[in-house]
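Both complexes shown next keep chain A, but they swap its partner, so chain B is in the first and chain C is in the second.
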Partner chain A sequence: MAEFSTSIKDQGNINIVYLKGFLDAHTAPSLENTFSGLVDKGRYQIVVNFKDLAYISSAGLGVFMAFIEKIRENNGDIKLSSMSDKVFNIFDLLGFPLLYEIFKTEEEAVKKFNEIK
Partner chain B sequence: MIRHISAENLLRNLKVQLLLVFAAVLFILKLFFSPVESFGLILLNEALVISAVAFLLFSINDFISSGKFNLLSLVMNLGILNAIMFFFITFSDSILNLFYSNLGDKIKNPDLIYTIISFFYVSIFVSSLCYIFLTFKQFYFTGHKYERSIYFNTMTIFFLLSVSTAFLDKFPELSYINHTFLIISIILIGINSIRISWIAFLSKKEKLLLLILSVVILTLFILNLIKSGDDTTHYKILNGFSPALNNFLQLMMIYGIGYFSILFFTTLFHIPTAEAYDRKAKEVSSLQYFSRLITQVLDFNDLAETITDIAIKVCNADASWISLKQDGESRIVANKNIGFVDADSITKYILNESKPSLEKLEKTIYQLSPLHDIPQLSEKYSSLTVSILRVHSEIKGYLFAAKKGDSIFDDEDKDALNTFTDYASVAIENAKLLEESIEKQRLEKELDVAREIQKKILPSKNPEYDGLDISSTFIPAFEVGGDYYDFFEITENKLGFVIADVSGKGISAAFIMAEVKGIFESLSQTSLSPKEILINANQILRRTLDRKSFVSAAYGLLDLNEQKLFLARAGHCPILLLRDGVTQDIRPSGLGLGLNYTAYFASTLEEIKLDLKENDVLVLFTDGITEAKNSEKEDFGEMNFEKILIENSHLSAEEISNEVIKGVTLFSQNTTQHDDITLVIFKFKQKFNLFGEKEWQNSVLQSKTRVI
Partner chain C sequence: MNDSENLKARRNLKALVELSRVINSSLDLEFILNNLLLTCLGKFLTTRGFIALNLNGSLQPRAKKGITDEQFQNFPVIKNKTELQSEQFKEYLTSINILAFDEICSFQECLGIIALGEKLNKAPYSDDDLEFLHTITNIAATAIQNSLMLSELKKTNRILDSRISRLNSLFELSKEFGLFSESTKVARLLVYSVIGQFLVQKFAVVSFEGKNLKILESKFPQDELLNALKNCNTKLITSSISKKEIEADYTDLQKFGIELIVPMQLQGETKGLILLGKRASESEYSEADIEYIYSVGSLAIVSIENQRLFKEALEKQKLEEDLEIAHDIQKNLLPHKIPQFTNFNVVANTVFSKQVGGDYYDVITLDNNNFCIAIADVSGKGVSAALMMANLQAFLKTICKQGMQIDEATGLINDLITENTTEGKFITFFWAIIENDSKQMLYVNAGHNHPLLIRKGKIKKLDKGGIILGVMNTMIPYISERLQLETDDVMILFTDGVSEAMNQKGEEFTDERLEKLSLSLVEKPAKDISDTIQKEVSKFAYGTVQSDDITLMVIKVK
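This part shows the complex of A and B:
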C-alpha cells in the first residue's frame, strides 16, 4: 500500500504542511486529521508544500475542499506550493487554480500571506 | 424409562418391607422367647438379626448412593454418630437402670417394656453402624468406582462370616472359628484402610479441618471400642439381643480406628505440600480458562472481558484491566471491578509518568500509596502488577491487575499473571485477525454491490447513428472507481453524451454515480446547451455531495446534420480530437461539479463549438487510462495513449479502442488496476448521402474547421 506522511512547520502565524508520498482514498484521512488539528487550534493560515508528493487522487483533492470554507470564514487560506507538473496537472484539470492560489515555491506562498497583513 | 424407574422404586419398597417384616418377627421372637437359650432359637435369632441388618444396609445404601455427598460432611456425620454412640455406651448404666426402676414397679408387664426399650436401643446402634459401614464404603469407592471392589467385597464377606459366627462365643470350644474370621477381617480392614487418595483433592483449608476431625473421631472410635467390651448395661442389652450385633459394633470400631489413624497421619503429611497442591490445581483450572479464551475469539469485546475475568482469578486480584495500543495511543478496552477513570489514571501514571523499562515493568510489583501517588482515584488500591501483551516481540498492550485494601501481590501471583498474559496475547491477536478478515469480507460484499450498481447504470449498448461509429469500453477496478458515461439520443441527428468520474471509491461513489445519471438523463431532455446542463447539474448536486466529494464531468452534444460538436467540461480530463494524424486536447475551462456552488462556477465554465469532418476521431476517457501504473509505479501517461491513438487512427472506433486497451493492459501487467477505465470513441464517417448535397457542404466546412 502506498505510503503517505505529513509534517508541520510553524512559521509565525503560518503553518506549513509538507506532504510526502501517495495521497489517495486510503491515506486521505491522515491529511484530514492534520488539517482538523490545525483548524481546531485556530491556525487558519496554511501553506501546503507538495514538493515530495508523488501522487494525488480525487479523494486527496477532496480533503482540501473539506476545510477551505471554514478556513476562509476565519480570514485564513490554504495556499498550495511546489507542485510537480504531474500533480499540478491533476489540480489544473479540475479547475483548482480557479479556487486556490498555487505558487511555485513555499516562500512565495508565505510571502503572499505576509503581504496581506 | 418410566417403567424402569417404577421397577426400581418397587425394589426399594420391597427392601424396606422385608426389613420391617424381619424386624417384626424378631420383635415377636424376643417378646415370647426372652432370653433365648436353646441352640435352635439362637440360630434363628441370629439369622433374623443378620437378615434385618442386611436389609437395613440395602435400604440406607439406596439412600446414600442416590445423592452426591461431600466427603468432609460424611466425615462430620461419622463424628456425630460416634459421639451419640459414645453417649449411650457411657451412660447406658445410669439411664437405663433409672428407667427400669421407675417403670418396673408401676407396670404389670415389665418384660414387654424391656423388650421394647432394648429393641429401640439396638435399633439406634444398628442404624448408626450401618451408616458408618456405608460411609466407609463410600470413602473406599471415591475416585475408583469399580476396580478393586474385590478387596472390599472380600472384607464384607469376612465381616458377615465373623458376625454370623459371633454366637459361638457362648461355646468356648468353638469360639476359635469366630476369632479366626475376626482376625482375617481385621487384616482386610488394614489393607482397605490405605485407600484414602481422596484427601489429595482437598484444599489446604479442608485438610486442616479433616486433621482436627480425624483426631476427635479416632478418639471416639477407640473409646467406643474399649467401652463396648465392658460388662455394662449396654453390653448386656446388645450382646443379649444378639452377639452378632456386638461383633458388628466391634468390627466397625476397629475399621474406624484403622481408617482414621491412617487418615490422620496421611493428612498430617499432606499439610506441608497442600499449598503447592492448591497452586497446581489452580494451574490446571487456568488451563481450562485458556481453552475458554480460544473459544471466545469471535468477539473482541467478549474476549477482553474474559481476559480481565480470568486475570483476577489467576493472580488473586481484585481488579483487572487491559490497555491496548491503537493508532499509537493506549486505550483501555476492558475493565473489571474498577472504574474506567481509575484504570485510565493508573495506566497513565505507570506508563507515562514513571516511564519504566520493559524489564522492570515485568518484574515489579508496585505498591501504591494511593493518596500520595494518584490523588484522583476513587478507591484505594494497595498493590499493582503489569504484564506486557506482546505478539512476535511487538508490544500490543498491557494487562493490569490490582489489589485493594491491605493485601499485596506475591511473586507467584506475578508469575501466574505473566504466564497467563502470554496466552491472552495470542488470543487477542487471533481475535483481531479474525475481525479484520470479517471486515475485509464485508468490504468485498459492499464492493460487489457497488459494481452491480455501476453495471446497471452504464448503457448496455451504443446508440446507432448514420455516419457515426461509436465504441465504448468500461473496465471496472476492484474498488469501484466511480466512472460513468452515457449517451442521450435526443433526435435522430442529435446525440448527447456525458463522461464523468465521481471522487472517492466504492459504494459511496456508486451511489453518487447513480444520482449523476438521473440528473443528466433528465437535464439532457430540457436543454441543448452543454454549459447550461452542467450549471444545472452542479446546482442539483449541491444537495447530495458532501464537502469532500465532487464530480468531474464533460457533456457534449453532437449535431450530425450540422457536423458540429458542442462541449463543456467541468473539471474532467480533456477530450481528445484525433485528426490528420495529430491529437489535440479539447479543453475548455471549467470547475469540477461540487467544487463551487456560486455564480463563479458558471462564470468559469466555457462552452465551445467545434466543426467536425470525415475521419475525425473524438476520444473521451477517464484518468484510469493515463494513470494506469506499471510494476515500477510509473504512469501509462498521455504520451503513450496518444501514440497508440495516432498509430491506429485509420481503424474503426472499436479497433482503436481495442488497441488502447491492449496497450494499457500490456503496460500494467503484473499490477492491479486501481481505478476504473472508461474509453468512449466516436469516429465520423462520410455520411451516406442520397442527394449528394451533404458532401459538398462538408468540403466547405472542412476549410472552416477550428480546433481549440
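This part shows the complex of A and C:
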C-alpha cells in the first residue's frame, strides 16, 4: 500500500509543508487536514516542498485548488517547490503554472514571500 | 569560370554548408526559421522577409524580419498551391514590399514559403538568386519537417499523458469509492479530482434524495444556490449543459458563474449534479473533459447511492427489530389466560397488525367475588406505544388492589399517565369492576369506543366517564355508572381496529355494521360471538393490509 505523509516546518511567518510518498485519492484527505490545520491557525503563507513526493493524482491536485482561494483572500499564497520532473510534468500538463508559482528550490519560494513584504 | 565567379560560388557553398550545419543541429523550430531567414537576408542583402508555414490547413506566418505585426493582420488565407499564384496573394506581397518567394518543400509535402523583400541595391532577383534560394529552402525543408514532427509528437505525448492521468484518476477513485465511504467524503473526493484536473475554483455537488435536493459540496452561497436550483427543474437534466445553454436557459444559475452542469446518473436516472465554474485557463470544457467529469460523477453516485441504500436497509432492520421488541412487550402484557367466573363468561382476543397498534385488554381477579375488565388503545406505534401500555398496566394493577373508587382511580391513572407521556400521546380507556354474585357493574369510559351492552335486542352504549387519558391532569372528575346486569346480557368491548377496519374500496366497517352484526349474534355463546365478529371483519377487509390491532372482548352473563 502506497503511503503518504506530511510534515510542517515553521519558518517565521512561513510554513513549509513537506510531502512524502503517494498523493492520490486515498491520501488526499491527509493533505486536506494539513491545510485545514494551517488555515484554521491563520497561517496563510505556505511553501509546499515536493522533494520526496513520488506521485500525485488529480485528487491530490484538487486539494491545492480547494484551499487557494481562501488563502489568497487572506493575502497568503501556496508556493510550490522542488518538484521532480515527473511530478512537475503532471502539474504542467494540467496548467497549474497559470495559477501557482513553482520554484526549483524551497529557498527561492521562501525568498519570494519575503520579497513581497 | 573566372576568379570572381569562382569565389562567389565558393562563398555560396560555404554559406550553404554553414546553414545546413546550424539548422540541422537543432530541433527548435523558432531557431531554425530565424536562422534560415537571417541567412537569406544576408545572402540577398535585403532588410525584410518572412517565413510562413502550412499549419492546420492554411499558411501561417511564423517568422519575420522588417515586417510589422499590423502588416501580417491582413495575411490572406492560402489553402493550396494554386492560391499562392493568385493575384490577391501577389497584391498582398507587393503591398508589404515583398518581391520574391519560394516554396519550402520536403520529399512528401509543401511545408510553407519563404518570402523576401527588395534588395538594398534595388536589383531584381536574378535567376541565379532564385535558384540559390531554392537550394537553401531544400536544405531547410528537412530540418523544418523534423522539427514539426517533433512538436507534433510532443503534443501527442501530452495528450496521451493527460489521458493516462485521467484514467489513473478514474481507477484510483473507483477503488476509493468502492470502500463504504460517507457520501460527504465521496463528494469531496469527486470534487478534488475534478477541480484538480480542470483548475476550477467554484463548484458544487448536489444529490437528489426523493424530491429533495441535498448540497454535498459547494463553493457557491448554499442557500441561494439551493433556491436557484429549485426554480429550474433540475431533475429533468439528463445530459450535460454547456456554458452557452446555461446562458440561454438557466439564467438563475448563470449568475453564480456556473459554466458547466453534468448530471450524475444511475441506470439512466439523474441522481445528482456536478456544477462547475470557470477554469483558470479560461478555456471551455471540451467533449473529452465532460466525458471524464461524467465518468467520475457516475462512479461517485453509485457509491453515494449504495451508501444511502445501506443506511436505509439498516434503518429498516432496526425498525423491524424495534417492532419485534414491541410485539414481545405487548404480547406479554396481555393476559395469557382469561379467568372465568361463575356468573360470567369472558372471551378476549387481539389480532395484531404488523406494526404494533397499541391495543391492550386485561381481566384481573380482585377477590373471590370481584373482578376488573379493561380495554385500551394507546396512541402511536412501536416500542413507545408498548412501553406506555406497560405503564398503564402497572398503574391499573396497583390501583385495582387499593380498593379505591373507580371514578377517583381513573382520575389518578390519568394524572400518572399525563406525567409520564410526551405531548401528543394519549390512551383511550374503558374499565369496569364487576361483582360476580350480585351481577352489578361499575364502569368508567375515558374516551374509548363505546362498548355495547345488549339486552333483549336493544343496545345500550357505555359512554359515561370523561376525557381520554394523558392529555391533561384531571380537572373535571370522571363519572362512573353503576349497572345491574341480567342473565343473557351480552357486552361487547372493542377497539377502533374493529369499527375502522377498511375494505379495498376504502370504506370502513363502521359502528353500525358492528351493532347490527352483534344484535344477530346474542343468542350464541361468548366465544362464537367473538369469533364471528373477527371473521366478519377480516372478510370485510380482505385483500387489504391490516394497519391497526383488532381487539375484541365479549362478556356474556350466565
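Definition applied: the second predicted complex is superposed on the first by the 117 of 117 C-alpha atoms of A that agree within 3 Å, B and C clash if a C-alpha of one lies under 4 Å from a C-alpha of the other, contacts with A are read in each partner's own complex, and residues count from 1 in each chain.
The criterion applied here is as follows: a contact is a pair of C-beta atoms (placed from the backbone, for glycine too) under 8 Å apart; a residue touches a chain by one contact, two chains touch by 3 or more.
Being a predicted model, the structure only gives us computed values, none of them experimental.
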{"item": "First (chain B), second (chain C), both or neither touched by A:L99", "value": "both"}
{"item": "Partner chain(s) touched by A:E69 [first = chain B, second = chain C, both, neither]", "value": "both"}
{"item": "Chain A residues touched by each partner, larger count belonging to chain B or chain C", "value": "C"}
{"item": "Partner chain(s) touched by A:P29 [first = chain B, second = chain C, both, neither]", "value": "second"}
{"item": "Which superposed partner A:V39 touches (first chain B, second chain C, both, neither)", "value": "neither"}
{"item": "Footprint overlap on chain A, where chain B in one structure and chain C in the other make contact", "value": "25, 57-59, 61-63, 65-66, 69, 90, 93-96, 98-99"}
{"item": "In the complex with chain A, residue positions of chain B that touch it", "value": "479, 482, 501-505, 547-550, 552, 570-574, 589-592, 594-596, 600, 604, 623, 633, 635, 675"}
{"item": "In the complex with chain C, residue positions of chain A that touch it", "value": "24-26, 28-29, 32, 57-66, 68-69, 89-90, 93-96, 98-99"}
{"item": "Chain C residues touching chain A - in the complex, by the definition given at the top", "value": "158, 161-162, 165-166, 168-169, 172-173, 175-176, 185, 188-189, 191-201, 219, 280-281"}
{"item": "In the complex, chain A residues that touch chain B", "value": "25, 54, 57-59, 61-63, 65-66, 69, 86, 90, 93-96, 98-99"}
